[in-house]
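Only one structure is covered here, and it is reproduced in the block below.
Read from first to last, the chains carry the letters A, B and C; within each, the first residue is number 1.
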Amino acid sequence: MSGLAADLRVIAALGRRAVNQAFRRPQFLAPIVVFPTLFLAVNTGGAGRAIDLPSFPHVHGFLDFQLAGSMVQSTMLAGVSAGISLALDIEIGFIDRLIAAPVRRSVIVLGRLVATMVLGALSALWFLTVGLIFGAHIQGGVPGFLLVVLLVALCAAAFGSVGAALALKSGKASVVQGIFPLVFVVLFLSSAYFPRDLLLQPAETIAQWNPMSFIAEGIREPIAFGMDTGHTLKALLGIGIVGAIGAALSSWALRARLRSG
Amino acid sequence: MRKATNEVVRVPGAAIPGILAPTIFMLGLTSVFGKLTLLPGFATDEYMTFILPVSLMQGAGFTGAATGVNLARDIELGWFDRLILAPPPRWVLLTGTVLSASLRALMPITVLLIVGFAFGVNFPGVGGLALAVLLSCAFAATAASWGVMLALRFKTQSAAPLMQAGIFMAVLFTASYAPLELLTGWLHDVAEINPVTQIIDAVRQGFIGNVTWGDTLPGLAALAGLLGLLYGLALRGLHRVGA
Amino acid sequence: MERRFSDEVLAVAGIDLEVAEREIYAFLGPNGAGKTTTVRMLTTLLRPTGGSAWVAGHDVVADPSGVRRAIGVALQEAALDPLMTGRELMLLQSTLHGLPSAEGVRRSEALLDRVGLTEAAHRRVGTYSGGMRRRLDLAAALVHEPRVLFLDEPTTGLDPVSRQAIWKEVRHLNDEGTTVFLTTQYLEEADQLADRVGIIDRGCISAEGTPESLKAEIGGSHLELRIAEGGAERAREVMARFGELMPERDGILMVLLPHGASDVAPIVRALDDAGLAVESLDLVKPTLDDVFVAKTGRHLEGEAQHEAPGTAPQEPPVEQAAPA
């Protein structure tokens, strides 16, 4: 088997393991599915009249607007959960099993990222389905639906790389878990839940530059407004920025861990 | 009660999640949904004033739920067996546990009030403040009873998400983000019948207006009812241990 | 080979060793001696900070992939995912080592059967006992038929029956041609299994050889005596006239017997003449612990760490290793 084919096989095997882990640890699925869904329900019901505000964008319903925020929240938390799982692998010594095997070092992290992408895609399917059941419309139709799933999956992988970096650096699940509050800080300082120009200061100014805003708006566009290349490209840029930072940090942390044993 | 309170003194870091999350939510939700106050019918033009009481209840509620998580851990580690063999009657053990939750809730409540006032939340008057604190602490005791009941039922820390989700829904499926009249869809219907809506209204009244018996009594009654029900269920669970 | 963690911590202070093909070599030493650090360097989990090493003909630094293809590793903490089933772990391990699917399945099932885990293979590892986990770890280390097998304290924490099962399997593997490098803190394990033993203490090898040659090196048997209260000091003076005193353990006095069993009667008579009452007496053949005492001045087994008079550690004292 060629080197690339062997690597892909190992990545697939590690990815399968990580997906199984997520479903076998229900308490890890809660932050990815349960809490974002509850939050979606409360936000939609509690702030739904926001569409009556003068400068609120014209949408079919507040739920259509909110779905993106829940998906982004879910993928960020999926990335943190992936980091926690990797940290647990380090704590129990399972990672030594992978390091002592004749596989490329990078596949150790890539396998986990592939799993996070899969979980991201599944969470996108969940939220889109829930949205459709409760009356949302997807203005972009089937292409819009698929684009949303793709963007959410890529977003999950990007945040997974950040979670992996934290796990490799600290080696402790409790440290990775500690950044859960930070996820919400980043989300509240973006346009994930509300239009940028209707946020209070300083959130409005920070949201202009926050990559999460580009990502959330890129995911929201096909659902609430229709297909738009500009928003899609900006979302990919935001994902690329997060992914590049995560990849660089993961790579550095992995090298440091391999050096220090 | 001393054991539970000592845990906070010895491991103060453990209390941070119960303080940090509600504070972040209060500041975050204000940043995000602050302009909802422009809607006609909103009771105040300062969103943080409106949402602070919800955060007080969240902080108290999560602190109470943590009591259940700690008990589940004690059960898993075997410490609970020693506690059960102690001479005091079980209702005394339970009362000590839930009262300590009320006491511990003062930490997030204090932090949230300081942050809120620093960001310009209306001062509710001494009476309004005392009422808000008292009701929040009593809600912590209610949440602790809920947590204890689940801990005794499931005997594992894996039940923690259920404890927390219960509090999350209880507090947020109410007139939390906006007045009842401005809620939409199913949330409006649920908030109407959710007894915690009455409690939140009672906590909130001093911040957005005057404290009246008309707004206080329903909240007290709802709290007494919930506390009585959950305390009773927790006590029943406790009596069944080792039976 | 050397591994330094910081200016103060020298976990492995220059180890030179050679293990022949098809040999069972045991590294014997207490906790913190540097055993696990050495194994981690040889299995490419940790880079040496000095020196060099070749495993199965591959340099651990220059050609770690070559080393990894040739070795199987079962570490001190059985690195098993409690959420995986035994079968899933074996199949993952076979994939990590590049085995085609069908071959991986065949070998996995054969190994699960060999270690007696076929019935439990569908269950999650989290439900396994300690002995089952060790057996699974061993099976996983063998799935790719390695030339060299590294076992880091393979029976620590196991009951006697499980320990015997692991020993039996290790002997079987060695009979089939696998070179085994194992670390242990159990004398009996080194004694029973190893062709050669390296005694490691404070990051250095203090002695090396077959178990028999090591024991012969320090001479013959020793006598263990418990004296009635108040007589220990006087008893030491008497016993020292007949042979070299050894470090005491749990109030038991010990003396080497230069002439073996024939020294016993004169010693007992001398103690009696001195008015000392002997509460218990044992004639003990040399053990690897005696070798350890002779080389390091400390017991490997037991709590007492009394220095033997006139015996100094052979290497300069270094800080205990940071856990690898």
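Just so we're on the same page, a contact is a pair of C-beta atoms (placed from the backbone, for glycine too) under 8 Å apart; a residue touches a chain by one contact, two chains touch by 3 or more.
None of the values given here were measured: they were computed from a predicted structure.
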What chain pair has the highest count of contacting C-beta pairs?
A-B
Find the most central chain, measuring centrality by the gap between its CA centroid and the centroid of all protein CA atoms shown.
A
Among the chains, which is located farthest from subunit C on the basis of C-alpha centroids?
B
Take the average of all CA coordinates in subunit A, do the same for subunit C, and state the distance between these two points in whole angstrom.
47
Could you work out how far the Cα centre of subunit A sits from that of subunit B, in whole Å?
30
Taking the mean of the CA coordinates per chain, how far is subunit B from subunit C in Å?
56
Can you check the complex and tell me which residues of subunit B touch subunit A?
17, 20-21, 24-25, 27-36, 38-39, 47, 158, 160-161, 165, 168-169, 172-173, 176-178, 182-188, 190
List of subunit C residues in touch with subunit A within their complex
40, 43-47, 65, 68-69, 71, 73, 75, 77-84, 88, 91-93, 95-98, 100, 124, 140, 324
Help me check something: in the complex, which residues belonging to subunit A touch subunit B?
26-27, 30, 34-35, 38, 41-50, 52-53, 62, 181, 184-185, 187-189, 193-194, 198-200, 203
Would you tell me which residues of subunit A are touching subunit C in their complex?
1, 6, 9-10, 13-14, 17, 20-21, 24-25, 89, 92-103, 259-261
